[in-house]
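Residue numbering begins at 1 within each chain, and the chains themselves are lettered A, B and C in the order written.
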Amino acid sequence: MSAVAVSLKGVRKSFGPIEVIRGVDLEIPSGQRHAIIGPNGAGKTTLFNLISGRFRLSSGVITVCDTAIDGLPAHRINRLGLSRSFQVTSIFPRMTVFENMRCGLLWSRGYGYSVWHLLGREKALNDAAERLLERLGLRDRRDVPAGLLSYADQRALEIGITIGGGAEVILLDEPTAGMSHSETDRAVELIRSMTEGKTLIMVEHDMSVVFGLADVVSVVVYGELIASDRPDRIRANKAVQEAYLGTEAA
Amino acid sequence: MSTQTSGAGIGGLVTGGAGVALRRNALWLICLAIALVMPWLFFDFTTGRHSGFVVSMLSQMGLMIVLAMSFNMLMGQAGLLSFGHAVFFGFGGYCTAHALNAIKAETMWLPVELVPLVGGAGGLVFALVLGYPATKQRATAFAMITLAIGELVTACALMFKLFFGGEGGVSTDRMIDTSLFGFSYSQSIQVYYLVVAWTVIAVALMWLQTQTPLGRMANACRDNFERAQFVGYDPRRVRYWQFALSGFFAGIGGALYALVYEIVTFDTLAAPMSGNALLMAYIGGAGGFFGPVLGAILVVLLQSGVSLLSSAWLVYVGVLFIIMVMFAPGGMIGLIGAHKPIARIGRLRALMVPYARMLVPALLALLGFVLLVEFATFMTIGAAQGKKFKLFAGELDPATALPWLIAGGALVLGGLWLRREARAFRVVWDGLMAEAKARGAAA
Amino acid sequence: MEVFLVSTLNGLVYGMLLFMLASGLTLIFSMMGVLNFAHASIYMLGAYFAYDISRTLGFWSALVLAPALCFLVGAVVEMYGLRRVHRNGHIAELLFTFGIAFIIEKAVQMIWGLLPVPYRVPAVLDLPLFTIYGTNFHAYRGFMLLISVLMFVAIWLGLTRTRIGMVIQAALTHPEMASALGHNVPRIFTLVFASGAALAGLAGVIGGNYFVTEPSMAYTMGPIVFVVVVFGGLGSLAGCFIASLFMGLVQTYAVVIDYSLADLLTSAGVAINTASPWAEILTVPIPRIGALLPFLLLILILLFRPRGLLGTRDT
């Protein structure tokens, strides 16, 4: 495992004439819990999309586990060890909860595009999927089509699929968005336990989640990184206060 | 699905092991039994022969089941809409016809019973080649590419006479004396049982395929290809392999076609056949597994039965298709399956009266529609042939206005009345579903 | 040389007809994401309606009434069919338009019969307009060109000078955004769909008597229109225009070049007879390949440049 999970050097992204990411340099070491915050429209999700290969870079270099990823298709980046969740919950709605979980484990366990394995008979695989569902608290709903789960349960399932496949670098895009207090607490506990020892990069708006989970917080405003530091120092940072609250409050 | 084996004693014997397997597959076994017995229900004991019409229709059902099921590997399982699927069916048929001729000429040897594998191999190879460009795209672009491929292959079939035999097609003979069981296949009933055997094999294999990693990931890519990428899979490769396998099974269907009809022409690969596959799979129900079987049976019934009475049977199929697209996108299987929660709480009987109340206006509207269609067809085709329009015992003259007004009136009246009854039905349905949900039966 | 000039003129006429058809489809596909399989079917309906109307009320009434009828058909299909099916996803929409195309073809066969109907060019236009190199340029072709150009100008003015045209332009390239800005996108969709249908109907009115009016005309015209739309690219009417003319010219030239690859090789000194390998492929005359060209092009474009010529997004 490399020392640096994700690195961004001089990253720029434009959509037509509009430059959304304007020169970001960031290094995230392995095992760090890193949160990215910033006002709406700052480009946080765009950064995620660049790191996960959904968008091409306009210039600069992004490496994941020491491999440059520009131009690689998403599944290749995933096989390098990076997985992500999405702002809009992304699961397999017509498949059961159990099937969803199992699909998350197939590639990492070497099943590939095989037609020679009957999945019903693969004990180790099925047990692993059941255990993960147990951790997520979804075992009792394993046969429900995932699209019928409640919002919070779907989010939990997505986190499970994202992490269960054994990825070393986990990107979570607003994992607690739309959740109630108790659901948020549950989700945070889940994230904490499941990302033990892994690199976690999170976009979040909920400050309690950020300050509770993160080792390092980066602040992105108008496509630029204006600060990247420990949570307590970020809180006291003048520039950050200005960006969020305006010059009056600073 | 986890099986619950009950505790001790006889109960344990019945619900465990073989008993469970039997129960779970009961529906399939019943269908198989029906398929095996059906020709005998139409056995003419005076002449000692099966009804040729029935055996022919049943054989066709078998072929179409294989075609429709192979199509659904793409549409229902992988979310890929193909407008050119029949090319693999047809190509498999052509390969088989040539193989049979080669066996007859003794340039190769293969038991008749294994000949469908040739069709399958042909379909597989063809799909591996054509699938490479086709699966580069998905959704609408994929559909357009398959449409274009279908047209190109059909045109080639007419141009390249060496392999495709031009407009006359390739004739063959299934009585090649290489049966493993000593059958000559001179009687259509023997061919029918061969068709049944291969249909069962093909469907069973396709079922098993859905339980494999590829089959499951095909479902996953259908549901959400981006999430599939982030569990490590290349959706393009998933599409490609699924496409290749669907070509394999379509080829088996084509081989059966060659065996049954002993001639393969270009319309086995042309657009109408592809459209047929689509109609059957969709009308039956693309979402589950069993749907296309039902759809194939229904469409062949309509084709064989209705086409005897009316030359406009395609209009009816088309209208049925549109109605299903609009109101029952899950197909017939979806419609039946929607009743499950209500059946679970044992309240199906409450729907009997509402259904009956809808049935009458539906029949009226249907009668009106059928009459209108038949009048129109008659005016253009029938009248020129000097026939008279016979309805049950009486004669009608569609050249006058009255029959049209009556038919149109029946359609409109039936339609409006049906809408009212449908609304009332909806109320009853929603109430029962809410009850089922409250009692935990709806999932 | 004269063949080339005459073919070019004919190709342009055909190309403009294609544009009339393809422009409606491009608008619908770009805005609503629906590949309307039934578009060519409405073209066919336009021709058949015109045939019936012109028998009783004359050609000029048909020119106005038939597209109006097609407008109504389009509006009904969109409001009561497509809109309902929209929520079942893209595949359901495709299947719906496919089903409509299917039914229209069967209905036409049912009502007007299987054989071509004698829909003729009106007598007043049935004469040569001018003569080039000894070949007559038919007046009706000039008429077709005139109508196409007028319609093109009308579309251009409508899209660039009217308010609703602006909204349509926006929705063409960014449909969700237009909706988010508060425009009544469903109503606009109905308008665009029905207008596209009217255009297709108009194309049918003037094309039906020039070509043959028969139940399979939708099936033969359909794929060519798809190719034009994909070739021109989504979201671009200019691309559609160029692609239409290109396809019109190519198809017209292909029909005229009555050689085959074998002939080419023979003239280069390589003899090809029926015993040679690949003989079947090489002796296919170019006109036949020309009929296949739209499909080949469609595949190639979708594989290598899904954006088409000037498209703003991938197909």
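Here are some notes:
Heads up, the rule we're going with is that a residue touches a chain if its C-beta (ideal position, glycine included) is under 8 Å from a C-beta of that chain, and two chains touch if they have at least 3 such contacts.
Predicted, not measured: the structure shown is a model, and the values here were computed from it.
In this assembly, C is the chain whose CA centroid lies farthest from the centroid of subunit A.
Overall, the chain located most centrally, as judged by its C-alpha mean against the mean of all protein C-alpha atoms, is B.
With each centre defined as the average position of its C-alpha atoms, the distance from subunit B to subunit C rounds to 33 Å.
Put simply, the C-alpha centre of subunit A and that of subunit B have 43 angstrom between them.
Look at where the CA atoms of subunit A average out and do the same for subunit C: the two points lie 47 Å apart.
Interface of subunit C with subunit B (complex): residues 33, 35, 81, 84-85, 88, 90-92, 94-96, 98-100, 102-103, 106-107, 109-114, 219, 223, 226, 230, 280-281, 284, 288, 291-292, 294-296, 298-299, 302-303, 306, 314-315. Residues 52, 73-75, 78-79, 83-84, 86, 90-95, 99, 102-104, 106-108, 111-120, 143-144, 148, 161-162, 165 of subunit A touch subunit B in their complex.
Every residue of subunit B that touches subunit A in the complex is listed here, in rising order: 1, 208-209, 211-217, 219-220, 222-224, 226-235, 237-238, 241, 245, 287, 443. Across the complex, subunit C is touched by residues 75, 79, 81, 83, 133, 136-137, 139-141, 143-145, 147-149, 151-152, 155, 159-162, 271, 275, 278, 282, 312, 314-315, 318-319, 321-322, 325-326, 329, 373, 376-377, 380-381 of subunit B.
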